[in-house]
Amino acid sequence: MLCLLVATAIALIAVRGLLASIMLTSVYGLLSASFFVTMDAVDVAFTEAAVGAGVSPLLLLLTVAIVGRREAASNARRLVVPLLLVTVTGALLIIGTLDMPSFGSPDAPAQTHVAPRYLQQSGDEIGIPNVVTSVLASYRAYDTLGEVLVIFTAGVAVLLALAPAGQGGSARAEPPAPEHLAPHTILQVVSKLLIPFMLLFAFYVQFHGEYGPGGGFQAGVIFASGIILYGLLYGLPTVCRVIPPPVVEVLAAVGALIYGLTGVLSLLAGKNFLDYSALAADPVTGQHIGIIAIELGVGIAVAAVIITIYYAFAGRLHTRED
Amino acid sequence: MSTLWLWASDACLLIGSFLLLTGALGFLRFPDFYARIHACGVTETLATGFVLLGLLLRSDDAMPQVKLVLILLFVLFSSPTASHALAKAAWNAGVRPRDNSGKRRVSLPHTDP
Amino acid sequence: MLSFTIIVILLVMLVALARAFTGPNVFDRVLAANLFGTKTVLLIAAISYLLGSPDYLDIAVIYALINYISVIGVLRVTEIRRERRQAGAE
Amino acid sequence: MDVFSYFNYWVVVVLMMLGFFIVIARGNLVKKLIGLNIFQTSVFILYISAGKVMGGAAPILADGVELYSNPLPHVLILTAIVVGIATTSVGLALVVRIHAAYGTVEEADILEQDATC
């Protein structure tokens, strides 16, 4: 599996032309998801699947559709210095790995520090089976709040960068002119069948995240993928009518706010910021309520940000067309 | 789970693997793009069906079975759709099938608007 | 038998990768990526049975659902380029 | 000590260097971002490899299972993947703007235009 990964990466170097590179990138994503599965990292594989299968190649494709797929040949003489640099750095890093604990050993430092506590006590303290979710949403909730804010900021940054100049930044207030869409009857019918399942599955992932793999991050991405698929097949104006861009932008902020307000609530109830035990009389119930609330916030924020990013890129694509 | 089911499952997995290999062979050896899409698309759905059926016969729990049936349904919907979309994209971009000599381009009724 | 199937799937993945690397035109690569996606569904399902944990099936469901989005993305990109070409020709 | 105990780390290093090579050796900005993605994924693989315990199960508590893999790297990487796609899209947005301003996404051409004006 890992050898296949390396082969893909080498192919990526050798191949010229951006569309081919994108396809190899998507193969690379699939492979790394399979690798995460064999490493027991279900949640990570889940996220990689949701991101790598739909959104990530799509954003690259949209960019390439805007900037063109040609790639200039690189100068052979210019390759020598990078090659040397890379070889030296790589050799140093490999010498460094010799000091690492051997792969999979249960007494490596990483395994003996805080992880046993999470594994042994989260069952009693948080009361949900998926340890990844309880660490993500409760023990390390500050960290996750930071991540959500980073994603939110990234959405804002994309909007700032891609809003057409001279329109005061809110170019998406007026929907773009209807574009000419070739009839895709088959695709439209099949997708109409599948999109509800995608959205439904996103909700399943969202609310099943405490018991199995899943959670707000994955659910948000899957939900956004469904919407993006709709937008691809029915055109940007249609999907903008279904979910208007201003609504999505507000929702992104609302998602982050839900997260923060949950923390403030627990603060008001007399415990620490984001200590959900304060949210109910019984600490474990409080933890449950808190985790569901912040996972909801994460899901809304992630879905909204990714849809916003798609709108920004697709809007750019169509303004260039005329 | 009885031995009979295991046997049946093994048989399904074997057929599925064989079909996967034929599909890969076609994908590797066929001369032009539309033939390759055919090799992929046709064998793929059947092979996927057999492998998933083989796995289905292996499980005795309800939840994995439901999930496998869902996977099978989704693949049966989305895989031919993807092939269709891809063939359409290739046609749009001007890729044309070849005839037996492998050189001359076949003149098909032009469906472009 | 299960491990045999997994090995076969990995082999097919290798073939798809070879095609994605050499593939004469872009669409061969897209087809290879698509084939890779379906094979990943099977691989993850088979691995989940090999390791005996049915949780992994959720990941396979995801791939089965949304893997074809990128192919549709490619279709739209080719369409947009054709429209531009036609607009340029007029 | 057998070779396989370090195999994962070596793959990580190789992938990281391949990504690094694409970033510094290729002039196309989109390609550079793809290289950055490979680099990023190699870090993910490093973390997940460090969290794997031989014979451990996925960290979802179940009856009768004693040994689990380490959940902490999973948490870190799970969020990092989504943050990664968000930041990549910021990069792509900047590439689109650069294309609008310079008409090209090749580093050499951009530097040339900067030098002439």
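Read from first to last, the chains carry the letters A, B, C and D; within each, the first residue is number 1.
Here, a contact is a pair of C-beta atoms (placed from the backbone, for glycine too) under 8 Å apart; a residue touches a chain by one contact, two chains touch by 3 or more.
None of these values were measured; they are calculated from a predicted model.
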Chain-chain pair with the highest tally of contacting C-beta pairs: A-D
Whole-Å separation of chain centres (CA-atom averages), chain B against chain D: 31
Cα-centroid distance, chain A relative to chain D, in whole angstrom: 13
Length of the line joining the C-alpha centres of chain A and chain B, rounded to whole Å: 29
Shared-contact residues (touching 2 or more other chains) in chain B: 74, 78, 81, 85, 88
Residues of chain C engaged with two or more neighbouring chains: 16, 26, 30, 32, 48, 53, 55, 58, 61, 65, 67, 72, 74-75, 77, 79, 81
For chain D, residues that touch 2 or more chains besides their own: 57-58, 60
Chain pairs in mutual contact under the definition given at the outset: A-B, A-C, A-D, B-C, C-D
Parts of chain C lying in touch with chain D, wherever the complex brings them together: 53, 55
Parts of chain A lying in touch with chain B, wherever the complex brings them together: 182, 184, 186-187, 190-191, 193-194, 197
Touch list for chain B against partner chain C, complex: 9-10, 13-14, 16-17, 20-21, 23-25, 27-28, 33, 36-37, 40, 44, 48, 51-52, 54-55, 58-59, 61, 63-64, 67-68, 70-71, 74-75, 78-79, 81-83, 85-86, 88-90, 92-93, 95
Touching residues on chain D, where the partner in the complex is chain C: 57-58, 60
Residues on chain A engaged by chain D in the complex (per definition of touch): 2-3, 5-6, 9-10, 12-13, 18, 21-22, 25, 28-29, 32, 35-36, 39-44, 47-48, 51, 55-56, 59-60, 62-64, 66-68, 71-72, 74, 78-79, 82-83, 85-87, 89-90, 93-94, 97-98, 100, 102-106, 108, 110-111, 114-115, 118-119, 122-123, 129-132, 135-136, 140, 143-144, 147, 150-151, 154-155, 157-158, 161-162, 211-213, 215, 217, 220-221, 302, 305-306, 309, 312-313, 316
